[in-house]
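Supplied in C-alpha cells, the structure appears directly below.
Lettered A, B and C in written order, each chain numbered from 1.
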C-alpha cells in the first residue's frame, strides 16, 4: 500500500487512527443525502424525486468505479510503476490479496479506502447538480462512474506521496482541488453543454423551486458533515495530529460564521431580503474555501477565508444570470469560485509553525504564506495546481459528455419529457408534489 | 455480566471498546428515524404522521421492554441459571446493584446495554412496517413491547456465549437472524393476519404513496447507519479488532453498490423505469444480506453477497403481488428474503483466515465456507438457525396478535377509520398532507 | 487556559479526550437542524422557511458571539482577573497567541471551544422558538448574538472551576440551567413581550401547523443528539471517565422511555388521542430533566426523573392556554418546567458513590441527594442556582428586547406582514407550502 498514515507505526496508533477515520467516514457519507436534499429542494417539484434518486445512483456507480479503479488511480502503488501522474495498483481493491501485509496494514488499507471513497463519491454528486432536470438517468449513471475516475487521477496529484503536486509542495488537505474544483468545473461544463432548462430564462423565465425547507435541511447536513470532512483530512489522530484536526474543526465552523455574516449582509443590501439561494450558496462557498488549508487556519484566519469566499461566490451571481448559464444549485459560485479561492487562501495565510513536524499529509515542504514571509512561491504553486486541475476536469468532462451524446445512450431528455418532469417519466410517479414555491422579486421592492 | 468484549482485559482496551461502541450506538439510533421516514413516505398521505409516531412509540415501549427483560433474556447470566435457551438475570437492568463489579466492568455493561438496545428497538420498527395503516396505535404499543422480547430470546441463541446456536458455530454478527429475520417474519405474519389495506388490490386497486423524497431520505439514513451497525458488531476495537470492523464497513458499502447495480438493472428491464419501491427494497436487501457475515467479507465477496441478495429480494415481488399480500414497505423482500440469504451467505464465502484469533464474538468454531473447503457443515448450521428462528418468531407473533385481537384492546381499525386515515383519528390532524403520489404504470409502456 | 479536562495529564489521555469531545460536538451540532425542523413543522406553513433560516442565523451570529466573547466569558481566565462571576480572557478566541502552550494544551483548548460552542448555540435556538412568526429576521440576528453572551456568563457560574455556583457545589453537567433554563426563560419573556400571534386565541383561534412529520423528524434528531450531549458532558473519557459517560447515555435513553410512557398515557387520558404537540413536548421535557445530573443517574432513577419531568411539563399546558401565552413550540413546558425539575432532580437522586474520584467536572463537593442521606443541602443549592439563573436571563432578555424595540431595528413585524407570512416578506417566496394541518379537537370526542 502506498497509503500509510504517518503516526501509525505502533499498534495503538494504528488502532486510534483507523477508528477515527472510519468514524469520520460514516459522517461524511451523510453528506450525500445532504446534497440530495439541497438539490431536490431547489429544482422544480416535478423533478424532486428524480434528483434524490440521482444522488443514490452517484453512490452506487461512483462507489463501484472507486472500487474498480478509483482507489488504485489515486493511491495504488506497485513499486515498479510508481510515478507522479497516476496511481497504478490496487485495482478491484482487495487487501486480502496482499499476503505480506499484517492485520494493522490491512486495517489501515480498508480504512483509507472507505474514507477516501466518501470523498470521491462527493465529486459526482456535485456534477449531478449541474445537470439537474435535463439529463437521462441512464446517462447520469455513466457520468457518475467516469467522473469518479477523473477525480481519482487528480487525487493522485495532490494526495499521493509521489503525486506531482504534492511533491512540489501544493497544499490541499481536504480535496479543495480534486473534489470541489473537479466537481464544480465538470458541472459547469455539463450545464453549458446541456443548455439551460426550458422556461428558465427569457421574458417569462422564472425559478420554480420545490421546497426551500428541504434545501436548508440539506445545507445543515452538509454543514455538520463538513466539520468531520475537514477535521479528518490529516488521516490521523495519533502523534498529536488530533490537535490539528480539532483546530480544523474550529476553523470550519468559524469560516462559516464569517461567511454567513457576509452572505446575510450582501443578500440584505442587494436583494432587500435573505434569498434562500444566496444564503445557502454563500455559506457553502465559505466552507469550500476552507478545504485546502483547513488544518492550518486559526479562528481569525478562518473567518477571513470564509468571508472572502462568500463574497467572491456571491459576486458571480449577476454574471451567470446575465450569461444565461443555468446553474440550479449554485455549483459555479460554490464549487468553482469557492474552490479557486480555497486553493489560493493557504498561499496567503499559511503559517508552517501551526502544523506539526510529524504531519506529512500536508505542507511537506514546510512553506509559509505571504503573511508569514513565504513570498509568492506557494501562491504560484497553488494557482498552478488549480489551473491544471480545472483544465483537466474540463477536458475530461467534455469528452465524457460528447461521447455519451453521440452514443446510443444519449444525454439530454426531450422537450416533452422535460415538460412532464422526470418524476413521471423516469419513475412513473403521477400526481406530482404540489408543494412548490416561486422566487418572487417584486414584493421586496416595496419593503 | 455475561457480556465481555474480548480484548477488554486492560484499562485502555476497556476504554477504547466502550467509547467505540457508545459512539456507534448513537449512530445506530438514527436508524429509527430513517425507518420512520422510509415508512411514512410510502404509506398514504392520510397516515403519514401516524407512521412517524409509531416509530417513536417503538423506541419508548421497545426501550422499556429491553430494560425490564430484553437485555436479561439475551445476556443475563446468573451463573447458576446459565443455559443455552434463554438468558436469566439482569432484569430491570442496573449495574450499580452489582457490588463486586469495578468501574470498567460497569462501564462495559452500560455500553453493551445501550449498544444492544439500539439493535433491539430496530426489530420492532420492522414489524411496524408490516402493519401500517391498519392497526390501532394502542395495540401497536403492546406489539412493540412483546416483539422486543421475542427478539431478545433469539438474540441469546446467536449472541450469548452459552447460546445454543453460537455454541454449535452459527455465524450471525449483526443480527441477521435475531433482528431482521425476526422482524421480517413477524411483519409477514402481521400483514397476513391483518389482511390488506382497503383499495390496495382489485380492479381499481392502486398504491398511493405520500412522499417518495421522504422515503429516499429515510433510506439514506438507514444506509449510513448500517455502516456503523455492521462495523461495531464485533463489540470491540482493541486487540486489532478494529481491523475487522473497518473491513466490515467496506463490505457494507460495497454490498450496497453491487446490490444497487443489480437493482437498477432489474428495475429498468422489468419496469422500464427506476421504480422507487424497487430501488429502495433492492438496496436494503443487499444491506440485510451482509448482516450475518459482514466482519469476514472481502470487497468482491460483499459485492457478490449484496448482488444476489438484491436479485433474490426483487424476484419475490411478483409473488406477493399475485398472492395479494399487502406489504407497504417491502419487509418480505427486504427482511425475509434478504435475511434468509444473509444467513446462507457466510456458509459459502466465509474464510476463517480473514478473522482474528482474538475474536470470540464471531466464528468461535473456526469454520470455513463452501468456497474455502469447509464443506456443508456451516450451510447446515446457518439454515437450521434461520429456520428455527423464523418458526419461533412466526409462532410468537401469531400468539401476540391473536391475544391482542381477542382482548379488549383489539387490533385492526374499523373501515370508517381506515378511510379517514389515522392522522385524523389517532392524532386529530384535520386537513391532510396534500402532497401525494400515485404509482403509475402505463406511461412507461410508451417510453 | 482555565479549561482542562482532568484526566488529560498524559499524552494518550489528551488525545483520547480531545478526539471524543470533537466527535461528540459534531453530533451535537446536528441538534440545530433538529430544532429547526421541530420548530418549522409546528408553525404556520407561511412561515416554515423563515423558521429554518432563523436556525441557520442562530449558528452564524451565536457562533460569532461565542468567538468574540462567549467562550471568554465562560472559561476565560487571565490569572489576575479570575473571579466567581464572569470569565475574563480568551476573547476573540485564538490559542495560537499563547506562546507557552504546547500542542496538547492548544488542542484541548480548540476542543473545548468547539464542544462548548455546540452547547452555546443551542441556547439561542431555544429562544428563537418563543418568537416564531412575530419578529423581524434582522432583530432575530441581534438577539441570537446577545443571548449567547447571557448564556456564557451563567455558564461561568456553573461550569468554570472558579464559578460561584460550581464552587459551592451546584451540579449541572450538561447545561440544564445555563442552556435550557436560560433559553426557556428568555423565550418565555420574549413571547410575553411580543404578544401572541394573530388568530391564535379567541373564539375563532386555532393552531395551524405546517407539517407534523417534519416536527417529529426534528424531535428524532434532537433525541439522538441528546445522547451525545449528555454523554460527553464530563469532557473526558480517560481515567475511567468513559464509564460515567456511558451511564449517562443509558440514563438519557431510559429517561425518555419513562417520560414517553407517561406522555402517551397523559395524552390518551386527557385528549383521547396522541396529540403531536404533547408527545414531542412531553418527551423533550424528560430529556431536559436529565441534563443536570445525567452522569449520575442509574437506569431506574433516570426513568423516574424523566417520567416526573414529562408529567410536570404537560401539567402546565392548560395554564399557558388559559393565560393566552402563545408558545408555538412548547418552550415553557419543555425548557422552563423541564429544566427547573432537572435542576431539582439531582438533589433527590444523587449518589456520590456513582461518580468517580477523578471527576472534577461534576459534584466537586461530594454531595449526596435526599435519598442517600445528603439532606437538604443540595436541594437548597440547586434551587438557588435555578432561581438566580432564571432571574438573570429574564432581566437580560427583557433588556435586550426593550432596547431593540426602541432602536431603529425594531422588533415585531406589522399586522400586514404577519398575515402575508415571513416566507414571502423576508425571503420573497411566493406561492406558499400548501401542505398544512389544523389541529382538530372535536373529532376525538366521538371516538
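By our rule, contacts are C-beta pairs under 8 Å (C-beta built on N, C-alpha and C of every residue); 3 or more make two chains touch, one makes a residue touch a chain.
Keep in mind that this is a model prediction, so the values were computed, not measured.
Quick check for you: after a Cα superposition of chain A on chain B, what is the rotation angle, between 0 and 180°, in steps of 5?
Chain A sits rotated relative to chain B by 120 degrees.
Does the chain A and chain C pair touch with the same residues on each side or with different residues, judged by whether over half of the numbers are shared?
different
Rounded to the nearest whole Å, what is the centre-to-centre distance of chain A and chain C, using the mean of the C-alpha atoms as each centre?
Distance between chain centres, rounded to whole Å: 33 Å.
When you check chain A against every other chain, which residues touch at least two of them?
Expected reply: 12, 23, 434-435.
Can you list the chain C residues touching chain A in their complex?
Per the touch definition, chain C meets chain A at residues 11-12, 15, 18-19, 22-23, 25-26, 29-30, 32-33, 36-37, 40, 48-49, 52-53, 55-57, 59-61, 63-64, 67, 92-96, 103-104, 106-107, 110-111, 113-114, 117, 137-138, 141, 214, 423-435.
Inside the complex, what are the residues of chain C that reach chain B?
Contacts found on chain C: 12, 16, 20, 23, 27, 211-213, 216-217, 219-221, 223-224, 227-228, 231, 237-238, 240, 242-243, 245-247, 249-250, 253-254, 256-258, 260-261, 264, 268, 271, 273-276, 279, 283, 298-300, 303, 354, 356, 434-441, 443-444, 447.
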